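Presented sequentially are two complexes of subunit A, the first with subunit B as partner and the second with subunit C.
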Partner chain A sequence: MEGVRVAGVGLTHFGQTPDRTGRELFAEAAEAALADAGVDREAVAELHYGNFMGALGERQGHQAPLMAEAAGLSCPATRYELACASAGAAVRGAVRAIAAGQADVVVAGGMERMTNRAIEETTEALAIAADELFEVRAGVTFPGAYALMARSYFEEFGGEREDLAHVAVKNHENAVPNEYAQYRKAITVEQALSAPIIAEPLGLYDSCPVTDGASALVVVSEAYAEANELDASVAIVGSGQGGDALALQSRGDPARTPATDAAAMEAFADAGVGRGDVAAVEVHDCFTIAEVCALEGLGFYDYGEAVGAARRGETTADGDLPVNLSGGLKAKGHPVGATGGSQVVEMTRLLRGDHPNADAVDGTVGLTHNAGGTVASAVVHLLEVVE
Partner chain B sequence: MTDAGDSEIRDRGYDDWLDALETGDGYLLRCPNNHASLPPRLVCPDCGSDDLTEEALPASGEIVTYTVVHLGTREFNDQTPYVTAIAAVGDVRITGLVREVDAESVDVGASVEPTVDKNPQTSDRVVVFRPSNMIPE
Partner chain C sequence: MEGVRVAGVGLTHFGQTPDRTGRELFAEAAEAALADAGVDREAVAELHYGNFMGALGERQGHQAPLMAEAAGLSCPATRYELACASAGAAVRGAVRAIAAGQADVVVAGGMERMTNRAIEETTEALAIAADELFEVRAGVTFPGAYALMARSYFEEFGGEREDLAHVAVKNHENAVPNEYAQYRKAITVEQALSAPIIAEPLGLYDSCPVTDGASALVVVSEAYAEANELDASVAIVGSGQGGDALALQSRGDPARTPATDAAAMEAFADAGVGRGDVAAVEVHDCFTIAEVCALEGLGFYDYGEAVGAARRGETTADGDLPVNLSGGLKAKGHPVGATGGSQVVEMTRLLRGDHPNADAVDGTVGLTHNAGGTVASAVVHLLEVVE
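Let's turn to the complex of A and B:
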């Protein structure tokens, strides 16, 4: 894919701000992205917006025009809902609109407000990303679903809780310098292993937190960037999306996530780059096991090999393939409907060089991977520095 | 969720399937291309065939994976810790609660029988696995 540039990026601080409305959060991220891009808001032709649980969390449907209004955008707006992959899909919608020549300036991103409700209500809201009849009624929670996957993985390929603890330790370490991260605090393997169990074999430190936050980016055509002398050095060169049956029981192997494989295959073919060209990766680590499954589905590791990657130091900031230099969902935080956008924001900052962990990136190509539910949806983007 | 569960309105296909499972007459759906699935279905999810026939579900299956949930939703918070498992029953996999056995005794490969019981907090019906022989092979 050619001709799609990231002109500007914006984030709110990720954390617990229960009294901030969704419209305030998204307006802040969008304002930051527009300022970073140096684009007039009148030029924005479309808003592509991700949100998952706002109908429950804020009793607010029809959010997209509300968010356009909040951001001062007078343009058509559409909400994408793919559970935790909502904003990844929104970015993909924006990218495809630009690539198709249907728009020159598009804002994409997402928002989630999660801590304004009791934790049991938020747990319930997250659970409905699973199959209501066959999974939710059988007690499958969001952590429970990933625990089912982790158990399958251990049974099929081996690995142990300590391997997963190293994923958590790595991502917390990466979040320490990130000014947007929820947890800027290093942890130890011992702390991770001794944390309370939430759904065996996963403990509290295998899980991302609940987070309030928003993300936004301004995506423009190359022609627009050149005509307006924008500083838009990062291009989105590949986009892919994969799908799968919603319920784990309807899939062949709970330890594998073929939607990720499909999204990666499409994105790499679209971009015309290979896995060896990728210098940094942001993957969807809602749980530590999810990072493992993602790295295998993306093709960076054979099945059964990624569980020890963090422990071996291969995916740490100084490893061969730094993974989740932002801190990941695990430590940076996971405002569900904003996450896919925030991954592209962070990768843009890493490639441009204005991210605190940018020095760990040795190359010009980065990959983002955003997954919905137990990866019934996956969205992959490839970014490249082109100037 | 709660509202749907409390309602008198049935979920056609799904509730019919639970009715059958409850009386020991559980079934799966089979298409001419030999794919198996669970209702409600209008077409086979694998090939799109609309020629689906009911076929008797084996009385028992094997646990494929399971978890012990310690942090539940409002609909399960009085029941923690509880065990949720996916079991392979013939050519389909079914998700359910494992009851009548200590969490520590549940294991992958254990033989279980799918039945139907209630979630005491919601009165929703739910698939429940009871041990037919909880010793893994």
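Let's turn to the complex of A and C:
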């Protein structure tokens, strides 16, 4: 894919801000992205927006035109919903529109509010990303589903809780300098292992928090960037999406996530780069086991090999393939409808060099991986510094 | 736009089927569309799916991969939500993917269940398409909002309840031969005028019903259609989308719907055809006044002129510009997340000549118009017989 540039990026602080409205959060992220891009609102042709649980959590559907208005945009707006991959889908819609020459300037991103109600209600709202008839009614929640995946993984490939603890320790460490992160607090392996168990074998530190926040990107055509002398040095060079059965029970092997494999295959083919070119990765670590499965599905590790990657220091900031330099969903936070956009924002800043962890990136290509449900949906983007 | 063909179309019967699951409904429509196209499931590269209120009505989010699985498709799937224009947005996503060469065969469509719970709950769920902070909390429901639009229209341009009654009479008449329609029952102007008032000046027959149903299309590239000798004589030649402030109070004039104007302008420019070329139109008549506003926004009538169009016989089946030959949302029914797809299905059959009202179409170009909320979103497609 050619000719697609990230001209500007914006985020709210990720955290617990129950009193801030959704429109307030998204407007802040969009305003930051437009200012970063140096693009006027009038130039924006489309808004591609991700949100997951606004119907349940805010009684607000039809959020796309609402968010356009809040951000001061007078353009058509579309909402994408793909559970926790909603903003990944929105970014993909935006990228495809630019790549196809259907628009020159678009805004993509997402927003989620998760702490404006009782935690039980948020847990119930998250559960609608699973199969209502065959999973939710049987009592499945996402910690339980990912615990099943972890147990299957351990049984098939080996690995232990301490391996996963190193994933959490790494991602917390990465979040410390990130001003947008929910938890800027380093933890130890001992802390992770001694924390309360949520769903065996996953403990508190294996799980991402609930988070309010928004993300936004200004995506432009290369021609527009040049004509308007924008500083848009990062290109989106590949996009891929994969799908799978919604219910975990319908999959062949709960320890594998083929939607990620499919998304990666499409994105790498689209970009014409190889896995060896990738210098940094942001993956969807809603639980520590999810990071392990993602790195294998993406093809950076063979099946069964990624579980020890953080423990061996391969995916830490000083490792060969730094993973989740933002802090990941685990420590940066996971406002579900915003996360896929946030990953591209973080990767853009890492590649541009204006991220506190940018020094860890030794190369010009980065990958983002956003997943929905128990990876019934996956969206992958490849970014590259082009000038 | 060139090279985008409709290869197959499918619908469920529109009506009240509270015991049928969403996956059952969509699978039926998709199966019909694939059979009509003569395309194997394995060839389908993407599913673009519309649904509005599944989170509230079925406690089921993340429906896109679920529907792909139900339809036997092994491909990435994306849900679009734009209130009652959700399937219009899904069709647009599908059309753009084909037009841009990003896929050769995709399925688009949508599904909604609206009668599996108390009508009060459905009314509350529909209301989330309006602004929760500034409309819903003030008691606005959609019959009330469209009544405001009708009153504004009458005040600014003239017109009376009897004009609107003729819209309802026309659309009921058109639905009589349509086997997919919810109400295959002709009504008289007197019946419409003497029916209970829902929100002055709109009565029962000015309002569409609540409906369960699904729609699906197989959209392919021209090259694929030729290589596989598909019977795909209808092309989608134009696509447009418009947006506006979500809340009616934020608009300059409640009697006009500028999102429709913008969507039409983009679609006509994209297609390179003029309004005079259009032989049949399916517009979003959730209320009779909405059909009037749509015909003016689309540019078929000057502002203030469309209110008498049905009464004058210009938009009836034997008029110069037949409108809603399917029966429209009014009589065919309005399963909100399926409607935008259903309109394209109906128009395809009208243009192909295999629709019971096809004889009323004197020409080769048709237009579909799908709207969300009080037209904060509008999606327009232009279809043309090309061989």
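Odds and ends about this structure:
In this section, the second predicted complex is superposed on the first by the 387 of 387 C-alpha atoms of A that agree within 3 Å, B and C clash if a C-alpha of one lies under 4 Å from a C-alpha of the other, contacts with A are read in each partner's own complex, and residues count from 1 in each chain.
We adopt the following convention: a contact is a pair of C-beta atoms (placed from the backbone, for glycine too) under 8 Å apart; a residue touches a chain by one contact, two chains touch by 3 or more.
Note that this is a predicted model, so its numbers are computed, not measured.
Between subunit B and subunit C, more residues of subunit A are touched by C. By the document's definition of touching, both partners, subunit B and subunit C, reach A:L133.
When the shared chain is aligned, subunit C comes close enough to touch A:A97, but subunit B does not. Looking at the shared chain after the overlay, A:G372 reaches subunit C, while subunit B stays out of its contact range.
With both structures placed on the common chain, the touch criterion links A:E120 to subunit B but leaves subunit C unconnected.
By the touch criterion defined above, A:A245 lies against subunit B and subunit C together after alignment on the C-alpha atoms of chain A.
In the superposition on chain A, contact is made by A:P76 with subunit C only, not with subunit B.
Put simply, subunit A uses residues 128, 132-133, 136, 245, 250 to touch subunit B in one complex and subunit C in the other. Against subunit B, in their complex, subunit A makes its touches with residues 120-121, 123-124, 127-128, 132-141, 143-144, 147-149, 151-152, 155, 196-202, 245, 247-250, 254. Residues 21, 46-47, 52-53, 55-56, 58-62, 64-66, 68-69, 74-83, 89, 92-93, 96-97, 99-102, 125, 127-133, 136, 241-246, 250, 259, 262-263, 372-373, 376-377 of subunit C are the ones touching subunit A in the complex.
Contacts from subunit B toward subunit A in the complex involve residues 1, 4-5, 11, 14, 37-38, 45, 64-77, 79, 82, 84-86, 92-97, 108, 119, 124-127.
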